[in-house]
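Each in structure tokens, the structures are laid out below.
The same subunit A turns up in both complexes below, where it pairs with subunit B and then with subunit C.
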Partner chain A sequence: MLSEGVWTYAVIGGEAAEHSFGRLRGVAGEPVRAVTGSGLTAAVGTVRLDEFGEEALRRHLEDLDWLAATARVHDAVISEIARGGAVVPMRMATVFLDDARVRGLLAARHDDFVSALDRVTARQELGVKAYADPKALTGECGSGEHQSGEKLSGTAYLMRRRRALASQDDAFRIAAAHADRIHAGLLKHAVAGKRKPASDRRLTGRDGWTVLNGTYLVDEGRVDVFRAAVATIDRNTPGIELEITGPWPPYSFAGDVVGL
Partner chain B sequence: MTLTPRDDFSPVQQASGSSLSGPQSTNLGDILERVLDTGIVIAGDIRVNLLDIELLTIKLRLVVASLETAKEAGIDWWENDPWLTGKSSQLELENERLRERIEELENGNGRRRAIKGQATEYEDAE
Partner chain C sequence: MTEVLPADNNREVALVDLLDRVLAGGVVITGDITLSIADVDLVVISLRTLISSVGSLLPPADLADGAG
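Showing the complex of A and B:
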């Protein structure tokens, strides 16, 4: 009966020495090691199946604390490996039964990994989010608001509510237009870019609307230009606040060439 | 503008297991949307369909579609606006106010005053 599995973090080019990942520790606190084959290296860790097996994973993934901690470590390992060169990140919770199965993967998907590595070599992924302040966008200042209710007739109340909705609608249109323009502007400085759905507010911890959740693959030599472009847009767009994250390992782009 | 450097990684912290309580400047949502949705899809031997995980799909991932998609899909994005949350209580309040106005008007008693009063309130409201 198997009690251990092989958690995979990333695939890199070349066949690395088994202990080339130094002191890196993985999701189970295990040392990260190399499995090599077909001219590629998978960064993996041995994990217990009673915590990382099918049933346990299904249970754990519902546990936000476990999920958060595991996601952070998975990301941290990949990020650290990415500092040394191009990586193809593996999706969290990709677990094999043994090293032979990982070698099988490297052989079977060799061409896909090579294409993906080519795509992301000497490039970084940067995230850019735009938050909109609806009031600032419509030039409406909150000071004219009545205290809720008293002495306001039903009709006046309805009119006020209609005005508020109309102005929200205006703000929405303005914000959406800004988001399109910002995304198009940033694409000029990037190899590729994608718009992702906005994160839940409970995760962003922000009050404003997330009108753009973009992520961009940028040539290393153009990262400063890209960051400067973000700063300029941020300065020149009242009511919109930009936030830049990264550099990330190329999570959002490594799969582009594979067509999956 | 908020710059968020990814400085929350240290192999030493990792080894001691304290990375979980260490500085976490990187937003969890940003990490999750990437590590769970990373572009290259490999089927491991341990099959866990992430889409089956209720917490992930319902509570974390794609909870709010992008604004334009939401609009196209007819989602009332402003339902989340603080001003309009507790929708039912707002409606109740509204109904109550309307009922009061109708009663006042139907009452005949002080009818002129009511109409005049309404006009005045209009001006206040503008």
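Showing the complex of A and C:
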């Protein structure tokens, strides 16, 4: 009966020394170590299966405190490794039976990992959410967002005209159109982007509609431009509030290259 | 605009976004080389059951405090 498994955090290029991650501690407080093979390195930690095995994980994943703490450590380890260069993050709770099987993965999926590393090198993932205030969109209460004398963008002008007539249904259509436009606008400053399902309203803790839950892969040299674009859209779009998160390790852009 | 920095001291605020990424993103490995836990359905189900409790941990005021 196995008592230990191998929790994997990320894959990086090159074959790192066994103790390259020595100062890092993982989800079980274990030292993060390297498993190398095929010109790649997996950052892993040995974990006890009575806490991190299949049955234990099924139970723990329902425990918010455990889930949050483990997610934070998993992310912290990957983020720290990402400081040193490109990483392909592994989904949380990927536990191998032993190091040999990790090496087997590195060999079997070598080309995919290399492609994924190429794709995310010198790039960062940034999240952008757009929240719509239906009342502001339909003009039920004055917008108050534009100071007199401030130049309205064309879209903002049209928005103001439409607000006078719009119903709640219209507000949703307007918000959806904004979301499409915002996503398209941000893609111009990104290498890639995708729209994720909106977080549940109870999860966001916000009253407004989440009309966009986007995430974008941005060249490191363009991050400032991207942030400025988000700020500009936020300013120029009454009734829509943008929230930016990150930079994140490329969780949303490495998996689709390697995914099995 | 609200700015949330997951790598800094606003991690509490970023919990939803964090879970959205570590549980829905990253490379998924399936098959007999791993324990069969990297299962999307399982995670989705888990998140559904967690929604109410997460919501109670993230009052709107906390999110507002995250404004940069």
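Criterion: the second predicted complex is superposed on the first by the 229 of 260 C-alpha atoms of A that agree within 3 Å, B and C clash if a C-alpha of one lies under 4 Å from a C-alpha of the other, contacts with A are read in each partner's own complex, and residues count from 1 in each chain.
Rule of thumb we're sticking to: a contact is a pair of C-beta atoms (placed from the backbone, for glycine too) under 8 Å apart; a residue touches a chain by one contact, two chains touch by 3 or more.
Bear in mind the structure is a predicted one, so any value in this text is a computation, not a measurement.
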Contacts for A:E54 in the overlay, against subunit B (first) and subunit C (second): which applies, first, second, both or neither? both
Looking at the overlay, does A:A17 come into contact with subunit B only (first), subunit C only (second), both, or neither? neither
When both partners are placed on the shared chain, which of subunit B and subunit C touches more of subunit A: B
I'd like to know which partner A:G104 touches here: subunit B for first, subunit C for second, both or neither. second
Once chain A of both complexes is superposed, is A:A184 in touch with subunit B (first), subunit C (second), both, or neither? neither
Kindly classify A:V225 by the partners it touches after superposition: subunit B alone (first), subunit C alone (second), both, or neither? neither
Which parts of subunit A are in contact with subunit B and also with subunit C? 5, 8, 49, 53-54, 57-58, 61-62, 64, 67-68, 71-72, 74-75, 79, 88-97, 101, 105, 116, 127, 196, 199-200, 203-205, 213, 230-231, 234, 241-248, 251-252, 254-255, 258, 260
Using the touch rule from the top, collect the residues of subunit A that touch subunit B in their complex. 5, 8, 22-25, 29, 49, 52-54, 57-58, 61-64, 67-69, 71-80, 88-97, 101, 105, 109, 112, 116, 127, 146, 149, 151-161, 164-165, 168, 172, 175-176, 179, 195-201, 203-205, 209-213, 230-231, 234, 241-248, 251-256, 258, 260
Subunit A partner, complex, touching residues on subunit C are 1-7, 11, 14-31, 33-38, 42-43, 46, 49-55, 57-60, 62-63
Looking at the complex, which residues from subunit A come into contact with subunit C? 5, 8, 11, 49, 53-54, 57-58, 61-62, 64, 67-68, 71-72, 74-75, 79, 88-97, 101, 104-105, 116, 127, 196, 199-200, 202-207, 213, 215, 230-231, 234, 241-248, 251-252, 254-255, 258-260
Residue positions on subunit B within touch of subunit A in the complex are 1-4, 6, 8-9, 11-12, 14-15, 17, 19-20, 24, 26-42, 44-48, 50, 52-56, 59-69, 71, 77-78, 80-81, 83, 93-94, 97-98, 100-101, 117-118, 121-122, 124-125
